[in-house]
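Chain IDs A, B, C and D follow the sequence of writing; residue 1 opens each chain.
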Amino acid sequence: MRLFEFEAKELFRELGIPTPVGQTIKCAEEVFSIPAKSFPKTLKTQVLSGGRGKAGGIKFADNQEDAYHKAQAIFKLPIKGELPKTILVEPKVTIKKEIYLAILIDRAYRGPILMASAEGGIEIETSENIQIVPVPGANYSNFYARELAAKVGLHGIQLIKFAAIVDKLWQVWTKFDCDLAEINPLIIDGDDNFIALDGKVTLNEDSTGRHPRFAGQLVNHLSDLGDREFRGKMCGLNIVELEGNIGILCNGAGLTMATMDLVLHKGGKPSNFLDVGGGANKDHVKRALDLVSSSDDVKVLLVNILGGITACDEVAAALAYYKEIRPDAKMVVRLVGNNEDKAKAIMDKAGIPMTNILEKAVEEAVSLAAKA
Amino acid sequence: MRLFEFEAKELFRELGIPTPVGQTIKCAEEVFSIPAKSFPKTLKTQVLSGGRGKAGGIKFADNQEDAYHKAQAIFKLPIKGELPKTILVEPKVTIKKEIYLAILIDRAYRGPILMASAEGGIEIETSENIQIVPVPGANYSNFYARELAAKVGLHGIQLIKFAAIVDKLWQVWTKFDCDLAEINPLIIDGDDNFIALDGKVTLNEDSTGRHPRFAGQLVNHLSDLGDREFRGKMCGLNIVELEGNIGILCNGAGLTMATMDLVLHKGGKPSNFLDVGGGANKDHVKRALDLVSSSDDVKVLLVNILGGITACDEVAAALAYYKEIRPDAKMVVRLVGNNEDKAKAIMDKAGIPMTNILEKAVEEAVSLAAKA
Amino acid sequence: MAVLINKNTNVIVQGITGTMGGTHARLMKAYGTNIVAGVTPGKGGQDFEGIPVFDTVYETTKHFRVDCSVIFVPPYYALDAALEAIEAGIPLISVITEGLPPQDAVKLHAAAKANGTLVNGPNCPGIITPGECLIGIHPGSIYKPGKIGLISRSGTLTYEIGLGLKQADIGISTAIGIGGDPIIGIDQIKSLELFQNDPETEMIILVGEIGGSAEEEAAEYIKSHVRKPVIGYVAGVTAPPGKRMGHAGAIIAGNKGTAKSKREAFEAANVKVADTPYEIIDLVKQELAILA
Amino acid sequence: MAVLINKNTNVIVQGITGTMGGTHARLMKAYGTNIVAGVTPGKGGQDFEGIPVFDTVYETTKHFRVDCSVIFVPPYYALDAALEAIEAGIPLISVITEGLPPQDAVKLHAAAKANGTLVNGPNCPGIITPGECLIGIHPGSIYKPGKIGLISRSGTLTYEIGLGLKQADIGISTAIGIGGDPIIGIDQIKSLELFQNDPETEMIILVGEIGGSAEEEAAEYIKSHVRKPVIGYVAGVTAPPGKRMGHAGAIIAGNKGTAKSKREAFEAANVKVADTPYEIIDLVKQELAILA
C-alpha cells in the first residue's frame, strides 16, 4: 500500500525527519488562503504513479494568481491515467546537495538494507553509484548509517547529520512495517540542514492489520490496477490481468502459474491469474467465477482445482450454480483430489463435463477459445 | 533512583498497565475534595523506605471524616525516619488472588530475568516459591511471559492476561532503563481483571541522563542516605558512611576498599569509603577533603592516591590548600605514581609529610586515631 | 531414512486448537505422524482427540523428546510462536502460516540462524516423507514412497507433481514445500544438500517459480555440489513484470527473476528442464531408465 | 607470548579525538602499542599525532589488519561503538567507558557472544602485556615483564599490586583489568583459562572484590581446571551490605557477595589468600621459591 507524498511526509515528521512546511489543497481556489507573502511556492500533484515531474505534475508559482492557474492545470492533468485529488503546496528550498536514501528488505541478504546514492532526485534504477549497507537480523544501530554515509562520500558534520536522518527513517520503516521507506531527494539546504524534499512509503499489506491507523485506507491507495484487479483486491481474491481470452480459475499460486503457462504452451492465451486460495468454500469460488468472467475478453473459463485443503465438492457446487445462471458460458473443468467423487456427482447432475487430467483440460480450453 | 509508588503507577498507566484510579493529596484537608460517595478508600503513605504497611503507613477510611483523621496521622508518621510529603488515596479493590511480578537484571544470567511468585503482597525475599524466566540478550517475546505464567500455576484466560501485563511491564522496564520494575501485588479482582495494586520502579542512575523527563529529580528520590552520602551524591563524589574515626580519601574503588580493609587489619576503624575517581583535579579533591572531614567523628584523614590517570601534584595542591585552612587537621598522606616528584615538592613546601608506602601510611593513621 | 523427517520424528503442533491447526493435526495423525503434543496458550490441560495440549512449548519438551514443531498460528503471532520453539531447542520448525509480516520473517530467520534451528517456510505446505511422516498440509494420499527428492516453492503444484509421479508408479523419498515467501528458511540449496547427502534419494526434482534469484543460486550450487540427476521446472512464463503472482515472493522486479533467466541457469547447470508439469514425469522416467 | 595482546597486536582507538581517548592513545603509543588508526565519526581524514583518523571502524579494517579496538566513547554511545567493532569482525574489544547503561551492557555481551568476540570491560582499565603492548589506561611504567598473570576487577588496586611486584623485582606476563561492572565480558574464568593455557605464565594472582558470585564460580573453575598456583585477594571486608562501593558491581545484596564468602571459596579451592595487597607480594615470593 503506497502512501501519497504528503502522507509519507506526515510519518516522517512524526518521527522527527524534517520536511518542508507544506499544506495540501483540494481545489485551486484554496491557494488564496495561503499567505501572499509566503510565495514563491512549489505545487506538487499527489498521485501514486511515478514520473509526475516529467509529466508536468510539479510546478513553481510566484504568487497566488500564478498558483491558482497552475493548480487548475494540475488538477486536470492525469498522470498515467490517475487524476490528483490533492496538491501539496510547499515553500521552495535552496538545494546544496541531493541524496537518495531508502530502506527496504532485500531477498538476497534475507534482511533489510540501507541504500543511498550521492545522486538524489533521479530514478534510482538508473543511478550507477548506489551504495548498500545490510542490517543483519534488523538489529539496527547508528553505525550502519555512518558506514552508509562514508560510502556515499559524506564527511564531517554532514556524516553525523545524515546518520541521524537514517536513524529516524529506520524508525519509520520499523514502526509502520514498511516494505519501502524512501527519501528522494534528501537535500542539504543552504544552512546545512537535511530535509526530506520528497518521500515514498510503501506499507506492507500483510502488516497493515496491526496498525489500526491505516485501517480501511487501502482503497484510497491503489493505482495502476485493472478493473478486475481492483475488485478482486476488495474481496480478497488475488487476480492479475493479462490480455488473453481464456479465464483461469485455479488454486495455489504455483499451480495457477503452471496452468497459465500450459495454456500458452498449447497455443492459447490466458486472460488472467486467479488463485482462489486454499480451503475456498462455495461462496468464495462463486465470487471468483463472477470476477474472472466479468471481462468481455474471456471466451472460455478454465477451472483447475487440485483438492488438498480445498474440497472439490465445494468447487463443484459453485460451478453448478454458475452454470445455472450462465448456461451459455463455456467452461472446462479439471477437478482432482479431496472429495473428487462427491464433486463428480454434482457435476454430472449439473451437466458439466469434468476431467481429472490437466493436459486434456487445457487442450480443450485452447481449442474452444480458438473457435470462439 | 527509586520512584514513589504513585510515580511508578503513572509509568504503568502510560504503558497500559491497569492500576486503581487514585489521586495524591499533599495535606489531610485535601480528602474533603474527594467525592464523599466514592468512599471507602485506602490511604497509602508515599515514602521510599520499605515496610510501610507494618509500620502503619497504609490505612483504610470509610468516609471523609475518617480519612481526614487518618491522613493527619499518616503525615506525622515517619517510616524509617522518612516523613511522607504525599499520600496516595485509592479505591478499595476486591482481591481474588495476589501475584508478585518483577523484571530486573540478574548478574548470573548476564541479562534480564522475569520473576514471579504465586504469593504476592509479601516480602519477596521470604517467598519460597519464586519462579524465574531469563530473557537472553533482552530479546523479549510474549512466550517468555507465558512460560512464567505457567510456572506460577496460572491457567486459561488468566495465563493470557498475565502475559499481557508482563509485556507492558517489559516496556516500562526497557523504555525507562529500569534497574527494577516490580508489581507487588499484582492482583486479580472480582471481575478477573489484573490490576497493579502496588508498584516499585528503580531507575538506573547511569541511564537517567538519556531520559529528560527525569532530569533533576534525583534529589527528591533519595532516602536512607547519611548526611555525607547525600552531599557527596549531589557533587558526584561516591562516599559511603561507616562508623569509624579514620576518614578515607582514595582513588579507585578497589584500592579504596583495600585501604579501608587495611585500616581494619591494623586495628583501626574507617569512617567512610570515598573514591575520588580517576583523573580528579585539585578542586574535586578539595571538595572531597571537605566532605570526608565534615563528620565530627573523623579524627584522622588517610589519603591514599596511586596516580595512574590521576596526577599526584593536583592532589598535593588540594592537600596544601586544605592544610592552610585547617592547620590542625591530622593528615596521613600516601602519594605514588604520576607526577609524584612534583607532588613531593608541593607537600614539602606545605609542610605535610608524605610517604609512598601504603602500609606505613595506614599504620600511622591508625596510631594517630588511637591517640585522638 | 529420507530427509528431515521420518517415522521416528516426534512432532508438536502449535495452534492445535485453531481451525487450521486442528484440521491438519487430525490429518497428520491419521497419516501416521507421531503427534506427541499440541500447544495453545491458555488451553493447557485440555485434550485434542487424544493429543495432550499444553500452554507452552517448554512444557512439551519436559514431557517428550520433540524433534519438530508445526506452526499453525495466525500471522501476527507466528513470530512469537516460532521464537518459542527455537528457544525451547526444537531442531526443526515448519511455519505453515501465510502472511507473516516481512519484518517478522527477518527476525525469525536471524534467531533460527543464531540457534542453528532449521525453519521450513513460512507460507509453505510443509514436508512429507511418504508412508512415514507428514508435517503440514500436504494431502498425504497423493504421494507414493520412493527415491525421488522433491523441492518446491508451491503447494498445489507440488501435489500435482506428486500425483503425476504416483500415477506413473514413481515414489518420492521426501517432498519439501519450501514456501512462497521472499525470505524462507530451508531453501533450494539447503534442500539440495540434504537430498545429495541422503543415500535413499536417487534423483531430485526442483520446482521453481518467478521472483528472486534463488533458482539461479541453486543452479550454481548444483554445478559444484550435486552429483545426482536434477529435473527442473519453472512456473510463471506468462507472468507480467511487477505483479505479485499470489505468493509474496513470486514477482518479477524490473527484469530480474524471470522464468527465462531461471530456466537458462538450470540448463547451464545441466539440469533437465521440463516445459510442463507432466513433462517432469516423462523426464524422470527417462532418467530412471538411464540409472537402471 | 603472554595472553590476549602482544607486540604484534594492531590496535585502533574508538573516540581518539576525545579528551580521554586522545590522552590514552598518546600514552599507549608512547608505550609501544601499535596504534594503527583512530575512529571518530565526522572526523575521518584527520590525523591524530601521526595516527590516521577514520569515520568508521569498517574503513580501518579495509586499510589494516585490526586485532583489537579500545573504546573511549561516552556511555550512551559506547554500545553502538562496540557493536560497530563487533560487526567489523575485530576479535578483541576493550571498553574503558564507565557508566554504560546495564541494558546496553546486556545487548553488547549478547552480540559479542553471538559473534565470538572477546570483550574486555566495560568500566575497566584495559589490558597490559608489559614491555609489549598496553591497551587502556594502565600506567605502563608500573609493571615489569615477567611470568605472573594478574586478574583484577579494580584499576588502581591492580596498579598497586603491579607496583609492589615491580619493587620486589617480580614481573607479570599480562595484567587483565576485567572491570568493575556487574556484567562484563572477559571474566575471572575466561582469564584463568587464558593464563592456564599460556606457557609463559607460571602463577596467577586473582584480585576480587565484594558483589556477585564471580569469585565463587572462579574458585570452582580453579578446582577443576587450573594447575598453576593461584594467589587470591578480596577487597571489601569493611563494606556494609546494600551500599554500592564505587563500582556498579561492588555491592553486597542481602547476605550474598561478601568478602568472607569469596575468601572461603578461594581457600576451598586451594588458593592462597592474602589479607592485604602487600601480603600478595609475600605469597608470590613464597610460591616462586617453591617453584624454583
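Keep in mind that, in the parts below, a residue touches a chain if its C-beta (ideal position, glycine included) is under 8 Å from a C-beta of that chain, and two chains touch if they have at least 3 such contacts.
Values in this document were obtained by computation on a predicted structure and should not be read as measured data.
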Any chain touching chain A and chain D at once appears in the list none
Of A-C and B-C, the pair with more C-beta contacts is A-C
Computed over C-alpha atoms, the centroid farthest from that of chain C is that of chain B
Averaging C-alpha coordinates per chain, one finds the centres of chain C and chain D separated by a number of Å equal to 49
Between chain B and chain D, the Cα-mean centres are separated in Å by 28
Separation of the C-alpha centres, chain B versus chain C, in whole Å, is 55
Two or more other chains are touched by the chain A residues 136, 139
Contacts with two or more other chains occur in chain C at residues 111, 114
Among line, ring, star, complete and other, the chain contact graph is ring
So the complete set of touching chain pairs is A-C, A-D, B-C, B-D
In the complex, chain D touches chain A at residues 41-45, 55-59, 79-81, 83-84, 87, 111
Chain B contacts chain C in the complex at 136, 139, 141-143, 146-147, 149-150, 155-157, 159-160, 163
Given the complex, residues on chain A that touch chain C span 105, 107-108, 110-112, 125, 136-139, 174, 177, 179, 204, 206-207, 209-210, 238, 240, 242, 250-258, 260-265, 270, 273, 275, 278, 306-309, 336-338, 358-359
In the complex, chain C touches chain A at residues 23, 75-76, 99-103, 106-107, 109-111, 113-114, 125, 137-139, 142, 152-160, 163, 180, 182-183, 207, 209-210, 212-214, 233, 235-240, 243-250, 254, 259, 275-278
